[in-house]
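The same chain A turns up in both complexes below, where it pairs with chain B and then with chain C.
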Partner chain A sequence: MTATPLLDIRDLRKIYKTRRGWPIPKTALVRALDGVSFTVGRGEALGVVGESGCGKSTVARVALRLQEADGGAVQFDGTDVLAAGKTDLRTLRRRMQMVFQDPASSLDGRQRIIDALGEPLRVHGIASGAAVKPAVVRLLDEVGLPPSAVDRYPHEFSGGQRQRIGIARALALGPDLIFADEPVSALDVSVQAQILKLLETLRRERNLAFVFISHDLGVVRYFCQRVVVMYLGRVVETGPVPEIFVDPLHPYTRLLKLSSPEPDPARAVAMAFQEGEPPSPVDPPSGCHFHPRCPIAVDRCRTEAPALRELRTGRHAACHLAT
Partner chain B sequence: MTAALRDDFIPDAEPPALVVDELTTQIRVGRTWYDAVRGISFAVRPRETLALVGESGCGKSLTALSVMGLLPAGVGRVSGGRIVVDGVDMTAADEPTRESMRGDRIGMIFQEPMTSLNPVLPIGFQVAESLIQHRGLSKKAALNRARELLELVRVPAAASRLDAYPHQFSGGMRQRVMIALALACDPKVLIADEPTTALDVTIQAQVLALMADVQKREGLALLLITHNLGVVASVADRVMVMYGGDVVESGPVRAFFARPSHPYSEALLAAMPRIDGDTPLQPIAGQVPTLTQMPTGCRFATRCALRHDRCAELPPLTPVGDDPNHLVRCWARMSP
Partner chain C sequence: MSAPAPTAAAPRSSAFGRATRSGGLALGVLIVVASIAAAVAAPWIAPFDPNAQDVLLVLSPPDTVHPLGTDAFGRDVLSRILWGARISLYVGFVATLAGVVIGTVIGVVSGYYGGLVDRLVVAATDVLLSFPQLIMGLLLVAVLGASLTNLIIAIAVTAVPAFIRMARGSTMAMRERDFVDACRALGYSDMRIMFLHVLPNILDELVVMASLWLATAIRTESTLAFIGLSVPPPTSTWGGIVREGFDNLLDAPWMSIFPSLAILAVMIGLNLIGDGLRDATDPRSPQ
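Moving on, here comes the complex of A and B:
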């Protein structure tokens, strides 16, 4: 981590309103982000892990201003992202890009690759006229696709190739930071490894920073330098790789690790570790959100939400009992 | 039957509940039929879990659909071999017989429970339906049994949730309902096609534990189809690795992970990022050829580092070392 981080997220909050119930619907508040803070350094890959509904995708959407925050601050290279006006936002969007899980749904099926990748170049004045095609070919080459790909349509590519196109599009404007939301989850293992290698090369060669959102701890361990673990809208643990996986401090991180199957019969997943469902973010448990599933919870955990504390150098956990 | 019997290492008096012998399944592309599953053989005994692994297009789901007799008409067909479920030859049976086997002798669990559950019917009724259909139970008796089944799969407050609809359940709970549904008529064989792939890891662990528990208790033969070698290591007794419709390696789980022998098995393991160690990641070069472009002989040859001239001819499955239960299909890895 560098002294001044590239991205600095402080106490970020996002509340969704939902109306449920019949015959008289009630408005419920979902605290998708309940005071989330973390930083990302230049060229650093930060992993954000957690299960469905923990808010990990919302962080990316709010930080990119695809949705408006309900509180907190986001600083990108000294610029206040949440307060940025239209012009500033345009500049910021060149420097912060996103890669999605399913490139098929983020590419226009009737647009050829040259148009899909050429459009941002033209709109942002990076290339125009005859210069567009060579620029697109260069981008394709960087992600390992042949020049012949320019005239083809998204459906002509396999899942892995489409993800390469999604990455090329994110690279088109020369960003400093990429939010990657489960970029390899939909791919077969062998293709997943190819894409991870590609992202790793890009990170090193372009000094690109990543916020890498994933539920797969193995993938995060390979690609990221630091990790943020989220549970129901809150950060429960942060720390560097591999320490956070070798010796997790928060019981939830431990549960995630124990539940992740490894290809080793001697290390079968601890399958009956906990019954119980992850609680709904609509109605989170009091105190520490994790207490109903926590094997070591005490009375204090039911009433008082633990704050993130630094327990080792660079390692924080939000647990009353962690030492 | 010889090929199927060679896999049977468990000295067990119980006959296998599912026998697949030299099954070939074809898929039609344009006007031509191509072999998508090529002569695969296996047997699964009661209480045993056989995992079928491989990547998209390897033929693992087609094998499951073939066993169920659910291949899409006109597009897929079983063109050779036999499938015997609980003593009944499915391949020789007529459609009414197969229909009565499905959901009765064979239960199936799919990846996405929402596509198999009817969104406008209460789940109690959906579980009860097959009991009314296959067992001729009264509605009341069937609903009573449905409650027992939901309790068996540990749906909390099962009695009060018989009237609930699928959308009122979380993903993990829906998958439990699917398991209850598959178990309704006491099947002998359970086929689970990527049953936990759509679930979060902690819920995946719960559902796998539940399946294993129910399987041992009810004496089910479980055919588990998955792409996740971690899941295989955790729950399977035996594993078969498929590539391009061929079984390339098969064996007991411990022997397989101790000594993965086919270049494709090795490559799959090397491409998997691990939580517990800094293994360098090795992608597999290239991609699975499409059905119309499959090489003759060994179908992995185009991506294989050990490829040589002989690979133009399909190698047989031969024992790894002196282990008669651990088989590999590779000229380079054949014991001298």
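Moving on, here comes the complex of A and C:
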């Protein structure tokens, strides 16, 4: 971690309201983000892992102001993101970008590649007129696509190629930080490796920071330097790779580790934990959200939510029992 | 989404290919283009002045001089149909265009932003849609008075809520797609996202619906003309000619039959176009 982090997320909250029921609808609150805090340094790849529905995508969307937060603070390089006005936000957009999970849905099917990649350049006044095409070709080259791609439509490309286009679009404005929301989950395993290598190269060459959202521990282990583990809208553990996977402090991280298969036939996948779905975020368990599935839970876990504590240097966990 | 093929044909050509392979669409286009051409060329191809009366040839059945016969004033029915097409088609096209543009803009904006304004728009749309389309048009013409402009306004107003609803629904579906979020993350203005990204993606459906609504608009005009709420006589419109012939329906059926056939042909043509376009733009339709 650097002294002043590039991105500093503090106590971020996002609550969704759902009204259900008949004849008298009840308003239920879904705490998608329930006080999430973490930091990302320059050029650092931070992994955010957790089961689906734990709020890991919401972090990215709120930090990018695609959705408005309900509390907390997001600082990007000293700028308050959540309070940024129109002009500041525009500047921030150039420095924070996003790569989406499904490249088929994240590209406008009616736009040729030259327009899809040229439009951000023109909108932000980075290039105009005849300068757009060479800039687009440079971007394509950086993500490993030939110049001939410019006149094609997104549907003419394979999934991996489309994801490269999505990455090129995120690079177009020259960002310092990219939120990558499950960027390889929709791809074949062989293609995943190529895309990860590309991201790794970009990280080194451009000194890009990443918030890498994934449920695939293997991918996170390869790509990230640090990991944030989320469970039902809360951070349960943070720490550097590989320590966090070698010696997980939080029982949930242990569960994740155990349920992620290792390519070693000698080591059978151990399922010692209670299996089952994570509880509904509409009505999360009291105390520590994880206690119904936790093998070591004690009475205190059922009543008192554990705070994130520093247990080792640079390693935090939110568990009453972890030492 | 199409199958991952790195070197597939361009999308336009495949949609175009599907469109031209369907015979219905071609036939529909032929009928409609022919009608428009006839309407445009009416001053040159109409054998007689549509309003020239000939008291000696009243209610003459079709013959070589008057191929579709004459009406109660001795006016040539063919000429009246050709000239009437100008009004009927003009009203239909202009009213539909206005309805599509206004309805789409309101629908896209309302669906994109959501919130309170969206709720009000939906409520207003529901109220307007609860009137049968014809009653609505009738009401408006009755209030505004029968003239060409008012007729267009009345028919356009009946089309607006349908297009609001459709554009709004499609826009909301598009908003769920990641590319809209990608656009926002890239700092595009809402206007740019709505009209340069969302609109092109919902245009297919709008065009299909517009072609079907064009048929409805022309039919509405004819109906209003039939009950005397269109351009005042002696100007001919298709519905008006049917009405004029109605008094002598048993003695001189040609007066009503031929303009009715013209209306029917255009209805069928436009519906063929609508269905053909829907098939052509639907990626699930057989290749």
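As a working rule, the second predicted complex is superposed on the first by the 317 of 323 C-alpha atoms of A that agree within 3 Å, B and C clash if a C-alpha of one lies under 4 Å from a C-alpha of the other, contacts with A are read in each partner's own complex, and residues count from 1 in each chain.
By definition in this document, a contact is a pair of C-beta atoms (placed from the backbone, for glycine too) under 8 Å apart; a residue touches a chain by one contact, two chains touch by 3 or more.
Since this is a predicted model, take the numbers as computed values, not measurements.
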| item | value |
| --- | --- |
| Contacts of A:Ala186 with chain B and chain C, given as first, second, both or neither | neither |
| First (chain B), second (chain C), both or neither touched by A:Tyr153 | second |
| Which superposed partner A:Arg61 touches (first chain B, second chain C, both, neither) | second |
| Which of chain B and chain C A:Ala305 touches, first, second, both or neither | neither |
| Which superposed partner A:Ala135 touches (first chain B, second chain C, both, neither) | neither |
| First (chain B), second (chain C), both or neither touched by A:Arg94 | second |
| Which of chain B and chain C A:Ile114 touches, first, second, both or neither | neither |
| When both partners are placed on the shared chain, which of chain B and chain C touches more of chain A | B |
| Common interface positions of chain A, toward chain B and toward chain C | 158-159 |
| Residues of chain A touching chain B in the complex | 51-52, 158-160, 188-194, 196-197, 215-219, 221-223, 242, 245, 255-265, 267-275, 277-278 |
| List of chain B residues in touch with chain A within their complex | 55-56, 154, 170-173, 200-206, 208-209, 212, 227-235, 253-254, 257, 267-269, 271-276, 278, 281-284, 287 |
| List of chain C residues in touch with chain A within their complex | 1-2, 4-8, 10-11, 177-179, 181-188, 192, 197, 200-201 |
| Sites on chain A touched by chain C in the complex | 61, 64, 66, 89-90, 93-94, 96-98, 100-102, 104-111, 119-120, 123-124, 153, 155-159, 161, 166, 169, 172-173 |
